[in-house]
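To keep things simple, chains are lettered A, B, C and D as they appear, and every chain counts its residues starting from 1.
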């Protein structure tokens, strides 16, 4: 049972001498001493190319349909966005969409592309967003030669953390986000025990390095944690721009 | 429902201009914008002195009896150690004791005192140990003018982390440990997601600063995580020395 | 030189068999294999009681004078607050004080007491603050039976993190803060690499558990990091209330 | 100067009322309040494809020569490994190579391929290693249908952390590592203040999630920190197998 390993330690400990030398130089250790065979590491066949879903991924968009998503709007549950040529495009003013399945800690791969017809400036150009747990936004924006506030650029954690650098590709080109997200934990009083954290690689470039989120994303106001569920759906934002998406997959990490 | 706050953001966002100035200088914010009233912060009356149990503590030893503990040995369930003068003392070779209640993330206060009759050296002097979850040892040892390996001194995480400094009091004097322990988390494959961490203050001096544990404590061999329960009993070690304890309390943090 | 240990590993590795067993059960390790003697752990005599300064502490107030502090106000450099009976008291409207010495990562012990004549409510009662690096405020306030915003209570990181619980003592009684603060780090572009973090124990009760600060404290506006020095003076706030202090000491952790 | 923002806060604070409502619902905040324009985010043009070096990368191998590397062996400073067809191959028993330049915190991209002629088993098959700071090994091994200890598999932190999953491609195929490494920090006594950490993505699959390293890698013995420089060269291991490499680049993060 649980304490059995301690018994050996205690007995042995009673007769232990007090050698006054550093470990590495004097003790002849067999190399096997630091080799472990459990827990067994599961095999996961990677995608044929790195951006393609590995064998254990849940594919949320493979180019054919939006069956993994529903509309945010009550009474219009199929996601009303346009699917063609292996991509889907936001249909402005139809509302956001959210995943049918709920997720907590995840690795996510997303590809997106800003409209080639450039209209607007700042937040008005190629704007959307990917919300972990429907609450924590990884910003999507055409930040290519487009001034805006740093914590609202593409690859920012919206209104919380600017990206470390701007690694944006031009409108019409495909951007990738590879993100590692950890959900927040709360204690029995509802107080925050550990905040959400995220690492993001944008087009192969590190832009968020295990940063802590300050609370759910807000456009107006100050982010602030209140206790919530351990798993919730993803949300993709309709911000009025025809942003395109393709190849979205997720791996559960909890 | 969940996405309601996003709707406001999306609508507002569509009409947003692109101001090219830094936030602090230009925007007249009301101070109330950064003031929050929820979640409500629970009142916890502290002890009359800082070492005494606060109102929400579970007292594991208040000087009168060992009712919160059982023997590790099968068939001898009352903890067989000696209680007198508001303290309890290890009775060598009767085996360790463990708490009846199980714990995960905790704040713990422990007071202990090494024997005044000094016999032995190194690990042979005033040795015991407090095990979080019965697995993760905060070392107890008479480290006062007593050479031993650094990761086996008092206030070490045994065979894992030496204390930052040696803040030991002399034999017969009372030492305190104030520790903040976070239990490890595992994923559905049994792989480690986040290791146990600990902060320890020894006699008012920081000795472990949020260090990660390498796995359950081992006297012989290399620590290594295997998935286990989220809450487990504390264990106090019988290492053959008449170490004294008093005033042990714990607050749950999860 | 640096790579010498690798040579041994490479040679040995070439002849290594592939044993298919778990480590703990089969390998007979000597216990000395996991015992280390360097780096040497420095001895630090703790205070006679835990709240008293350990031997390596820099004492910033020992009851006799404010020589370790200067006024924030230009042209009035001696700190103008009142020293008597082993305490010092804020003299309202004379301005804050700051330490002559600069600090980065630290352990700090502070004792303070709210006025016994209660006037005002909320933030108007017994208000002051201890600023790490002159920028990051650990709030001081009479939060005893006094409603205010949670992230402005005593032991909050002001306008950033409420305390986990309210462990306040009554006006006229002495409160203690034991805090572990880590300064933020910035990269060569001035981007934040790691934020400031803090752990706080209030009257023996954990109230901040290694939380990340969102940036320098602001009364109005949103906290936000800009690169700054690695060490800066402490600041104690004059907020118009006659808060008393005593026994302030700090240990450098970097 | 430094404390000027506090003055405004203090004055304003003196007249502050005590509103008893939650922030979000009542306060009309302008959205600009949470928008920041500094520090300026540097533009970094990503590679044309994600695996190609971004504009700010230091390219350590672009297919043409090993000029960025030297031999570990004294007296034979050009790296003696074989360059052809845009790759380089370990020449067994010529010793490892190390980068001319030194690095601390980094993002690294590495591509490598195990020999197609399979000989040996376990650690004897397709073995090499990439050492951050010449000390911290990200293991390279043909782990495709090849049993070995879990903490010695490809993508393990050698003898410290097994990968979360085995995402290995077959011999002759190209594997990628995308790693984010943070160097350890030490205090003025030489004690460890923060350990090295690493995140690794293997062929697009997360295999190490911000894990802490236990010290420099050892084949025999227990890892253990001793204070060292803030930047040191990378090392690639000659373990007697003809492992191929291509497309190695690094971005400095400190």
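To be clear about the criterion, a residue touches a chain if its C-beta (ideal position, glycine included) is under 8 Å from a C-beta of that chain, and two chains touch if they have at least 3 such contacts.
Worth saying up front: this structure is predicted, and the values here are computed from it rather than measured.
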| item | value |
| --- | --- |
| Touch-network distance, subunit A to subunit D, counted in steps | 1 |
| Whole-Å gap separating subunit B and subunit D, where each centre is the average of the chain's CA atoms | 32 |
| Shared-contact residues (touching 2 or more other chains) in subunit B | 5, 12-13, 16, 20, 23, 27, 29-31, 33-39, 41-42, 149, 162, 164-165, 187, 189, 191, 193, 209, 218-222, 224, 253 |
| Overall pattern in which the protein chains touch one another (line/ring/star/complete/other) | complete |
| Subunit D partner contacts - residues on subunit A that touch it in the complex | 23-24, 27, 29-31, 33-47, 49-52, 54, 56, 107, 109, 149-153, 159, 162-169, 176, 178, 180, 199, 201-206, 209-210, 218-222, 224, 251, 253 |
| Touching residues (chain side subunit D, partner subunit B) in the complex | 12, 16, 19-24, 26-27, 29-38, 162, 164-165, 187, 189, 191, 193, 195, 209, 212, 214, 222 |
| Subunit C residues within the subunit D interface of the complex | 2-3, 5-6, 8-10, 12-14, 16-18, 20, 23, 33-34, 36, 38-39, 41-42, 72, 96, 98, 105, 121-124, 127, 131, 134-135, 147-149, 187-191, 193, 216-222, 224, 226-227, 232, 235, 237-240, 252-254 |
